[in-house]
Each structure stands twice: as structure tokens, then as C-alpha cells.
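The first chain written gets the first letter, and so on, giving A, B, C and D; residue counts start at 1 in each chain.
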Amino acid sequence: MTPLQIIFLITSVGILGSALMVVTTRNLVHAALWLVVSLFGVAVLYVMLSAAFLAVAQVVIYIGAIAILMIFAIMLTRRVAKDSGPQTNPNWTWAVVVAAALFGGLTWLLSSWNGFSTPIPELSSRADPLSQLGQALVSPNAYVLPFEVASVLLLSALIGAIMVAWDRRSG
Amino acid sequence: MGDPITLIGKWLENLLYSWGLMPGVVSLIMAVIGVVVIASAVLVLDILLVWVERKVVARFQDRLGPNRVGPFGIIQPIADVIKLLIKEDILPIGADKIVYNLAPIMALGTVLLLWAVLPLSSTVYGTNLNVGVLYIVALGAISTLGIIMAGWASNNKYALLGAFRTVAQMVSYEVPLVIALLVPVILARSMGLTDIVEAQSIWFVFIAPIPALIVLITSIAELGRAPFDLIEAESEIVAGFHIEYTGMKFGLFYAGELLHALTVGGIIATLFLGGWRGPGAETYPILGIFYFFIKALFLYWVIMWIKYSLPRIRIDHMLNFNWKFLTPLSLVILIVMAIVDKIVPKTSMLVYSLVMLFVNVVVGWLTLQLLRRNAKSARMRVAEPKPVARPEPSPTAATSQTSSSSS
Amino acid sequence: MLNDWLFIGVFLILAPIFPALALVIPRLIAPRKPNSLKSQTYECGIETVGDTWVQFRVQYYIFALVFLIFDVEMVFLFPWAVAFDQLPLFAVLEGVLFILILVAGLVYAWRKGALEWT
Amino acid sequence: MIPLSWYLILAAALFCIGLYGVLARKNAVAILMGIELMLNAVNINLVAFWRYRTPEMIAGQAYAVMVFAVAAAEVAVGLALIISIYRRRSTIVADDIDMLKF
């Protein structure tokens, strides 16, 4: 075992364990905090995959914004969030079966693929992936269209969300 | 050369290698030593800051400040720490124990982590992350989460309300902050803080004064210091999200806030005031540390100066100031500077900087004109006589009452 | 690159230990005599009434929402800013267009009155 | 070193946990959390494939960034809907929200 492998194993146990807490814990605020732990673990994985920009972006977007938005939403719907009864619907056993079957199927499918255990290739040191990403995002023969469409998507999400949530009466 | 800290580091590294350790283990040990040295130095500085803060406040208010314990009262903060350590620690009823205890740790821990990327001199820095600026933003995000945790876990209405107000303020001011932080990144073509300092042959504050000002203002708001200290607002919500914290746990929030103020000074010094740059700092890196702390402490003093000179502003004014003034202004200056940067040739650094400065002055002047006009109409609106409550004829009052109750 | 992050990782593990130490020491030396009156919640010194979890205004959500959208957009722009040297003018203008689309959202929120604290 | 398979299996497991959350939870906010977990599993896969198969192209990272945008938009609108439904119906239990029946 190399040190990197040990770090990977610790991180993945952390990610999966806290993900399990997210889907099972009764207290919704706790679920949101466990979600933060899980997403932070994913950021650590990005660092190990040498995608440093994605790692910090993950922390900024998911922990800094999405998690806070979720906690706000939980606080705004208090009567339901305080519900201490069972938090799962009656057919949760089926959910377990479906999830387990999907996991088994995915693993089987992936292990039959010949690129399954590719070793990690050397990263060419001359190109800075960050600068590459920046160029690709605004270059016409790369991703400029998705880039602008993402902006429109976010704009429509903003307008739609304000329209739905905003209610002058309760303001 | 001529840099004792690098020499000590090299000597230690060679010593470890001579013991026959593997390179990975050596770099791990060096990292641990580096972290412990930086963190404990910063914490000692933090204790000193308590004294500095109290002394400076006293001077602003024409008092003497602590002057009994030790010369000039310099041992006072240590006495404070001992007092906090032996105070009883109260866990309020219904508090969520783990989250409650985690929150103060996060409050101080995130501030400590910021020092991992701040370059103290050309040779002394934790690490030169190529995403340094976003790393700072990310840590700010984690500290916001810590505040929510503190407010929610305390099981106290006022704490929860204070936490929500704080977070609303912090996330609001983070928008212009992040936009303004893009400007030094564009000017230096890098997010690494070391690279940003290297790029400042002319301090960025002279090239981009408006973004520098925006970063200063929004950072003060992020700190929750006056005039943006609505989160503490003793008369409204007791003391904000940390009402229920006693003893050392409160002390950690307090220490975190003080240290954060100095750290913000350091960040702004790095991004806009040339960091460790100064006469002779390249040949003698030890001078760089000195310059860095001079600049950081100067900005810290500016933050204190603002804090003790201005009254607290109203919450609607605070939010308007952010959304209707700072955010548009930062977007405009970002767009203008990005385009001008591409148009003006970079052959002569002096011409380039002068053009940038000119652009900033023009935008600033236009903003002032706009504000002046706006202020006039706002004054007219406020000065209008308010409708006075007077008894209305009974039938209409009755109908309006029934209609309002039915709606 | 991983070496840079080794330092951050070590810092991440060690940074909470310093404040945690400051919480452990009082455990050992400070008095601990909790009683039911002492650990009451403090709300202006009067007895607590009702539920802690008060109903919040939707306003808070709107602020966090606008922040989320802006945050994501700004994160997109950081690689653009780093690659500035390699970008031709029209690529810069595409970034500006990206910002302008976002400004439309801000204008909408402003006109709708969602940014007022009423 | 770590082979690609480790990342893929981790992502598959995370995806299935998220799926379980979506299928089994009653509360709509919790269902959204499950969706977040699934999106993150997808992102791990994208970045891992980028790093192991095509490190010289930037496609994987660009797609991951797009997933960030989509996740943000989805959370923003989803939570707004939840808040709005809560205000009208006083419930956010997914099984009780059946307005389309009428």
C-alpha cells in the first residue's frame, strides 16, 4: 500500500459513511451537515486527481452556497423539518433492493470493460490545466456555447426561483 | 542567501536525510514542522492583538487602556486568557452537543488555515497554491457554515436569528468581494498569491484603486465589524450567534475575529499593496517579512479606525449598499478593466498603469455623480411629511377591517 | 503539485487541534457544576417562551439564492481570468457577455423588489 | 498507485446511496440531497476519466464545471418550489404532493 492509496481509502470511507448518514439520519440539519462532509471528501478526491481548481470550486459552490441554501430551506419549512417520525416512505425496502442491484450491475459491467484498471498516466508538466480550461471555456471551437448556455441556465434559474419563492404577502 | 529561515530549513532537511529517512517522510516532517511553526507564531500574535486592540481603542476614545499588568499592560491579554481558561463552561439546555462544540473550533481553524497560502517573504511561505485566491474564498465559505452551526446548535432564538442575519450579510457581501478579487487575478494572470506579489512591480492599488476599496469594504462586512456589526447589535439580538457561548469557547470566537481582521489586512496587503515588496526585500528576504507585517498591521489599524469612527448602519441600508451599489460597481469596473487590459498594449508598464488608473478615476467620478443625484432624490423622499394616523370615518374603517381579515 | 497540497492537508489536520486544545484545558481545570437553572437559554434575561425554531422570512432564502447564482458564475470566470494572456479580444468579450447575462438576473431581482429588506 | 477502478467503484457506490436517498426519503429537501450525491458521483467519474484516459484534453474538467452549474440551478429552483409548496400546502412530504391528480 502506498500512502496515496491509504489516503484514498480513508477519504472514500469518509465519503460513503457520511453519504449513508445523509440518507438515513432523521434530523435534517444533521443530514445537511453530513452532506457537507461527504462533498468535502469529494473535493479531496479532486485534489488527488490533480484537478485543484475543481476541488476549490467544489468547496466554494457546494459547501459555501448549496449547503447554506439547503439549511435555509430547512429552516423555512420548520413544521415538516421538525417531524421526528419515520423519515422514509413505506416502500424503502424496494429502494434498498434497487440501489443494491444497480451497484452490483454497475460493478459487473465495469469490471468486464478492459480499461477498468488503467494505471495513472503522467501529467505533462508544460501545460497548466487551469489556463487550458480558461481558454477552452471561451474558445469558439471548444466550449463557448455550453459556457454561454450555462449563463443563460443560471439566469433562468435565478428568475424562476425568485418568481416561485417570492411572495410579497409573506415577505 | 542572507536568509536565516531558509538556512534553518535546509539544515533541518539535510539532518533528516542524514538519518536515512525516505524523501516522502522528510517532506511530511518538514510540512508538520512548518505548520506548527506558522500556526503557533500566528496564535502568539493573536494574543498580542488583544492588547493592541484594547490599547488602540482606548486611544481613539481618549483613555489609557490596560496599563496595570506589566509594562504598558502588555501582560494583560495573558491574564485574560488564564481567566477564560478557568471559567466554567456552560452547555445550554437542548443544545446539540457535537455541533455546538465544533463551531468555535471551525471559527478559529479556518482563519489559521488562511496563513497556509500567505507569502510572508520571497522565500518564506506555506505553499504557493496555483488556486490561492479561490482557496481564500473557499475558507470564507467554510467559516460561514461554522456560524450557522453555532447559531443552530445553541437552541436559542436570538442565536439562530443572529446567525441567519450574519450569514445573509456575509453571503451578500461575498458577491462583490469575489468579483473584485477577479481584478488582481486578471492583472497578474495567476491565482497563486506568490505570483500575484511577483507581478506587482507597481502596486495594484495604484492600478486598480476601486477594486482595492471594494475588497476592503466587503472584507470589513465579512468580518462583521462596525459599521457592519449588525450581527452583534446588543440592543436587538443580544449578541448574535454566540450568545450561549461561555469561557474559552467564546474566547475562540473572539480570538478568531481578531485574527481574521489581521489576516484580512495581510490578504489585502498581498493582493494590492505588494505583499513583502519593499526596498531591499529581494536581496534580504527577512526584510520582506517585516514589510509584510507593517502593511498588514497598517490595514488592521485602518479597519480599527473605521470601526471606532462610524456608527452602525441600518440593515436595509446595509443590504441596499451591497446589492445596489457595490455589486453593480464591481461588475462595471471588472468589465471595463478587462476590456481596457486587452486594448492597451503592455509594452510600457508605466503607460499601461496610467491608463488603468485613469479608467478607475473616470469610473469613480461617474459613480460619485450618480450617487450625488440619487442622494438628492432620496433626501427629498425621506423629508416628505409622513402620513399621520388619524381616526377615519367608522363605516369605511369597518369595511377595510373585514376585507383585510378575510384576505 | 501534490507536494503543495501535502502542506495544506497537514495544515487541515493540525489546524483544528490548536483550538481543540483550548477547549480541552478548561475541561481539566475549570469548575463544572451545571444545574438546570444555570443552563437555561439566555434570551434577554427573561424566561424563554415557545419554540426556538421561529419561522424565518423567505427574504433570507432570496439573498442566498442570488449569492449562489453569482458564486457559480464567478467561479467560471476565474479560469478565464488566469488564461487572460492567451485570449484574443473577442474571447474577452465572450466573458463580458457572460457577465452581462448575469446582470440581467440582478436587474430582474432588483425590479421585482426581491432585494429590499421590507 | 491507484488504478482507475477504485474511483469508478467509489462513484458507483456513492451514486447508489444517492439513489436510495431519492427513492426512500419522505422529505423533499432530503430527496434533493440524494440528487446532489448522485451528481457528485457523476462528477467523480468525469474527472477520473479525464485524468486517466485523456489528461491532455480538458473535456472532463469542462464538463465537471457544467455539472456544477446544473447542480446549482437545480438546487435553486428545487428549493424554491419546495418553499412555495410548503407555504400553500404546509407539507413537503413527497407522497402528499399530488396536485397533478386534480
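The rule is simple: a contact is a pair of C-beta atoms (placed from the backbone, for glycine too) under 8 Å apart; a residue touches a chain by one contact, two chains touch by 3 or more.
If you're wondering where the values come from, they're calculated on a predicted model, not measured in any experiment.
Relative to the centroid of every protein C-alpha atom shown, the closest chain centre, again from C-alpha atoms, is found for C. Chain pair with the larger contact count among A-C and B-C is B-C, by C-beta pairs in contact.
If each chain is reduced to the centroid of its CA atoms, subunit A and subunit C end up 17 Å from each other. One inter-chain figure worth recording: subunit B and subunit D are separated by 33 Å, centre to centre, where each centre is the mean of the chain's CA atoms.
Subunit B and subunit C, compared by their mean Cα positions, are separated by 13 Å. In this assembly, the C-alpha centroid of subunit A lies 6 Å from the C-alpha centroid of subunit D.
Along subunit B, residues 129-131, 134-135, 160, 164, 167, 171, 174, 191 each make contact with two or more other chains. Multi-chain contact residues of subunit C (touching two or more other chains): 1, 5, 53-54, 56, 58-61, 64-69, 71-72, 75-76, 78, 81-82, 84, 87, 92, 95, 109, 118. Residues of subunit D in contact with two or more other chains: 65, 68-69, 72, 75-76, 79-80, 83. Pairwise chain contacts present here: A-B, A-C, A-D, B-C, C-D [touch as defined].
Touching subunit D in their complex are the following residues of subunit A: 2, 4-5, 8, 12, 15-16, 19-20, 22-23, 28, 31-32, 35, 38-39, 42, 45-46, 48-51, 53-54, 57-58, 61-62, 65-66, 69-70, 72-74, 76-77, 79-81, 83, 86-89, 91-92, 94-96, 98-100, 102-103, 106-107, 110-111, 115-121, 123-124, 127, 129, 132-133, 136-137, 142-143, 146, 150, 153-154, 156-158, 160-162, 164-165, 167, 170. Residues 1-10, 12-21, 23-27, 29-30, 32-34, 36-37, 40, 43-44, 47-48, 50-53, 55-56, 58, 61-62, 64-66, 68-77, 79-84, 86-87, 90-95 of subunit D touch subunit A in their complex.
On the subunit B side of its complex with subunit C, the touching residues are 27-28, 31-32, 34-36, 39-40, 43, 84-94, 101, 104-110, 112-113, 116, 126-131, 133-135, 154-158, 160-161, 164, 167-168, 171-172, 174-175, 178-179, 182, 185-186, 189-191, 238, 243-244, 247-249, 251-252, 315-316, 319-320, 323-324, 327-328, 331, 334-335, 338-339, 341-343. Across the interface of their complex, subunit B is touched by residues 1, 3-8, 10-12, 14-16, 18-20, 22-23, 25-27, 29-34, 36, 38-44, 48, 52-54, 56, 59-60, 63-64, 66-67, 70-71, 74-75, 77-78, 81-82, 84-85, 87, 89, 92-93, 95-96, 99-100, 103, 106, 109-110, 115-118 of subunit C. Here subunit C touches subunit D in the complex through residues 58, 61, 65, 68-69, 71-72, 75-76, going by the rule given at the top.
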